[in-house]
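What follows are several structures.
Common to both upcoming complexes is chain A, partnered first by chain B, then by chain C.
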Partner chain A sequence: MNLLKRELKANAKSLLAWCLAMVFLIWAGMVKYDAFRKTGDEVNQMLAQLPSALVRILGIGNGADLTSVAVFYSMFFLFFMLLGAVHAGMLGALILAKEERDKTADFLFSKPIRRNRAVLIKLLAAVLNILVLDLVTCLVSIVFVERYNTAGQSLAYPVFLVVAALFFLQLLFLGAGFLAAAAAKSAKTASSAVSVLILGTYLLSVVIHINGDLEYLGILSPFRYFDVNAVMFDRYLSPGYSALSLLLAATCAAGTVKLFGRRNLRG
Partner chain B sequence: MKNVIEIENLTKYYGKARGIVDVSFSVAEGEIFGFIGPNGAGKSTTIRILLNLIYPTSGGARVFGRDCVKDGYEIRRDVGYLPSEVFYYDDMKVLELLKYSASFYGRVDMQRLRYLAEVMELDLGRKIDDLSYGNKKKVGIVQGLLHRPSLIILDEPTGGLDPLMQQRFFGLIREENRRGATVLFSSHILPEVQKLCSRVGIIREGKMLRVEEIGSMRDTAYKKIRLEFREEVPEAPELPEGAGDVQRSPRELAFLFRGDINEAFKSIARFDLRNAVIEEPDLEEIFLHYYGGEDGV
Partner chain C sequence: MNIFRQELKMHVRPLLFYTLGMLAAFYAFLLLYDSIAADAALVDAVLANFPKEFKAAFGFADVSLSDLGGYLSFLFAYIVLIGAVFGMKTGISVLSEEGRTRTSDFLLSKPLRRGRVASEKLLALCLLLAVQNVLFFALALPGYLSKAGEEPNLKLFVLMSFSVFMVQLFFAGIGLFLSVLPRRLKAVMPVTLAVVFLFYIVELINESVLDKTLSYLTPFSYFKASELLSRAAYDGRYLAADLAVFFLFTALAFWIYEKKDIHA
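Up next, the complex of A and B:
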């Protein structure tokens, strides 16, 4: 419990910063929406002139009505995913690798604590961090979306599902971060590897958006796992991809325990 | 007597770089064992294997009769360790760090914590980040001794401590030793090991040179003597018995000396000196000239 408390405290400031960034993103986006809504149809005409691939990248269908808050909010998912991937990936890589980077590894691991236990506690601390960020994202989203929601039906549930999708993806990137930390020589290499993974899989998703023939590659890019339109409008969160995300995250965690257990810690 | 540490043919390579090669020695229960060698000789490598921070390439080590790879957790419950370079969580205060450290061993003994901090004159309220190197060492000493471990492993513990603090620290170690604790004391400074230890193991370039009783080491208390002459001295001066590694120029003379210091002074007295320096030679010099031929090192 001491290590868990320590990790939560050590990450508190950065978590607060991420939460504020998320709130700002939602707030700024919604201010924009307010302007769109008042402009009315001109926005949709502008949208129609954009290349269709770009529209798809933003996560909205062709001919969608941007003056609807549900459609507009769907676009947030892309930004949520990008922010969330960076947050989770870096958190995962650093929460483990920082002990060696800051040379505190000798302190911690000369104490009576098993390495696999330390990894699992750090994992738990990281998951709690992600939960808090996603909870804030969910609540702030619901407050703003409902404020502009003119349809009779509440959008709270679909918004919750969008954030749930975000949560699954974050777990996946968290696992990747942990694995990178356990496999890489230094914290720097680990965080670079995670950045490359995020950027690479994101670019792949963009390429797939542009070139529909590459659809089968979608399984390689977590950014393609959840179709925000299906989540938002059909309230459908793909169980297959949810399970795949969890499975990949769990595999990464297991690999981390194994690799980190055999690691020669740098003093 | 039982052995607390038993190291057998321990070898560690970092990739291709040599850590230690075929190191064997044991430390008996209740003993203060000096582990001495120049920087980079492999002292920290050996110690970090004992704590299972790194894995051996071959060979093995047992602590409390347990395998240090398989039973690292059980071993570490009863070990106090002071790393050679002390790094702690910068955002913590000293008291916070010590409590955190103690929490891994169970209950925090506040009375003992305050006692140790008082002896070492450690300010518990300061932030780790603001501490000097010496003060960080003190934190390391307190956190290493706090849980009354039965094996204390000290890796270059005196760096940054002033002589008074060194004395107090040695006092604490002796106190723990009387209580029954075994101590492995690594250092590159021979005199400090001679002060505290009953036996020493000497390591150089990854290999164990020998293990000696401290009694026999005391005879080998070398001094390094350097003289500067006022006038040029053309011929090689006669030196007392026990002088070695002589380096000479017309105005300067330097040698290592081992033996009766009075004899050395008598032979020096003949010269008209501008300056004289007598100091402890560093280990590397001793090794080079007195152990140099051994074991092919």
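Up next, the complex of A and C:
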């Protein structure tokens, strides 16, 4: 329990910074939305006529009514994914690798707890961090979205589903971070590997977006797992991809326990 | 000049990796061009009916999709994004690496002023970024020429390619500054990616609401390829903003670094 407390405390400051960044992002986006919805009707009409090839390259929603708060908010999913992937991936890579980097590995791992247990407690601490960030994201989103919601029907549930999708993806990147830390020589290499993963899968999702024929590669890019339009408007959170995210995260966790269990720790 | 040489040596591998990443993205976009080109004529016909203001707001006033330069102008932002990550990462690394590896006492007990140490590091940083841009340009050019048809718009390609450098300067300055603030910066990549993506997201929001008022906030809107296409030059105001940020934050970083209490 001491380890859990210690980890939560050690990450509290960075978690606070992440929460503030998220709140700033939602606030700034919504302020822009407020200005936009008053003048947006003409833009909408033109957007509706845009040819789909151009829409794909511009990366904007197809035929979407951007003056509706639900449509506008659905854009945020990409932003959440980008920031969430960085948060979870880096947290995972560093929470494990930092002991060797800071030369505290001998201190921690000579305590009378099993190494696996230490790893699992760190995993738990990281998941709690992600939960807090997602909870803040969810609550702040609901407050802002409801403020501009004129449709009559509450959007709280779809927003919750969007953040749930974010949570699954973050677990996936967290797992990847842990695995990188267990496999890599140093904290530096681990965090570089996770950066490559995030940038690479993001660019892959862009490439798939441009050329629909490459849809089958979507399974390789977590940024393609959840279609935000389905989540937001049909309230459909793909159970297949949710399960896949969890499965991949669990596999990474198992791999980490296995690899880290026989790691030769440098003090 | 030993510090200068050492910095170059330390960053040459990441430099090659990131340049490869930029080239991979570039050639992937080139390959996808054929799948878009089929629709391009249709797109151009539809666009001809749009009011000019609307097209200007979306950044495709003079863009023709059936032209390779026009197509790439939409996608170059992703290559700039990769470059920005490298610029920020290297900017953060150079002044803070000794703190992480606990070699500050080794470096700073040399008979050199701190200003000199920082200058050599800055010089290495600028050279690394310049080399990356030249490498990218030289290796991407054949691809561009092979697909660009009879009359390649070379000037546009030069402007686009080196816009990476300009954006990198912005992030390098911010990186230098952020790296000297904490007593010991423990990890480079989390700060790098978080800051770069935040600026990138601000640009995405600006783009989707067609708002130019906040474009000074993010370097990703300073040298947008679609603007370069119609203007055929960098916009002086944005160029000034970009360089101002670089010089201001670099100067601040130097000032702090010279006075900083270093814990070995």
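Everything below uses one rule, namely that the second predicted complex is superposed on the first by the 248 of 267 C-alpha atoms of A that agree within 3 Å, B and C clash if a C-alpha of one lies under 4 Å from a C-alpha of the other, contacts with A are read in each partner's own complex, and residues count from 1 in each chain.
Definition applied: a residue touches a chain if its C-beta (ideal position, glycine included) is under 8 Å from a C-beta of that chain, and two chains touch if they have at least 3 such contacts.
On a predicted model such as this, the values are computed, not experimentally measured, just so you know.
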| item | value |
| --- | --- |
| First, second, both or neither for A:21, with chain B first and chain C second | second |
| Chain A: partner with more touched residues, chain B or chain C | C |
| Which superposed partner A:79 touches (first chain B, second chain C, both, neither) | second |
| Partner chain in contact with A:113 - chain B first, chain C second, else both or neither | first |
| Which of chain B and chain C A:234 touches, first, second, both or neither | neither |
| Which superposed partner A:146 touches (first chain B, second chain C, both, neither) | neither |
| First (chain B), second (chain C), both or neither touched by A:194 | second |
| Chain B versus chain C as contact partner of A:2, first or second or both or neither | first |
| Contact residues common to both interfaces of chain A (with chain B and with chain C) | 102 |
| Sites on chain B touched by chain A in the complex | 14, 44, 48, 51-55, 72-74, 76-77, 79, 81, 83, 85, 87-91, 100-101, 103-105 |
| List of chain A residues in touch with chain B within their complex | 2, 6, 10, 102-107, 109-114, 262, 264-265, 267 |
| For the chain C and chain A complex, residues of the former touching the latter | 14, 21, 25, 28-29, 32, 35-36, 39-40, 42-43, 46-47, 50-51, 54, 57-58, 60, 65, 71, 74-75, 78, 81-82, 85, 100, 186-190, 192-194, 197-198, 200-202, 204-206, 208-211, 214 |
| Parts of chain A lying in touch with chain C, wherever the complex brings them together | 14, 18, 21, 25, 28-29, 32-33, 35-36, 40, 42-43, 46, 49-54, 57-58, 60, 66, 75, 78-79, 82-83, 86-87, 90, 94, 98, 101-102, 187-188, 191-192, 194-196, 198-200, 203, 206-207, 210-211, 213 |
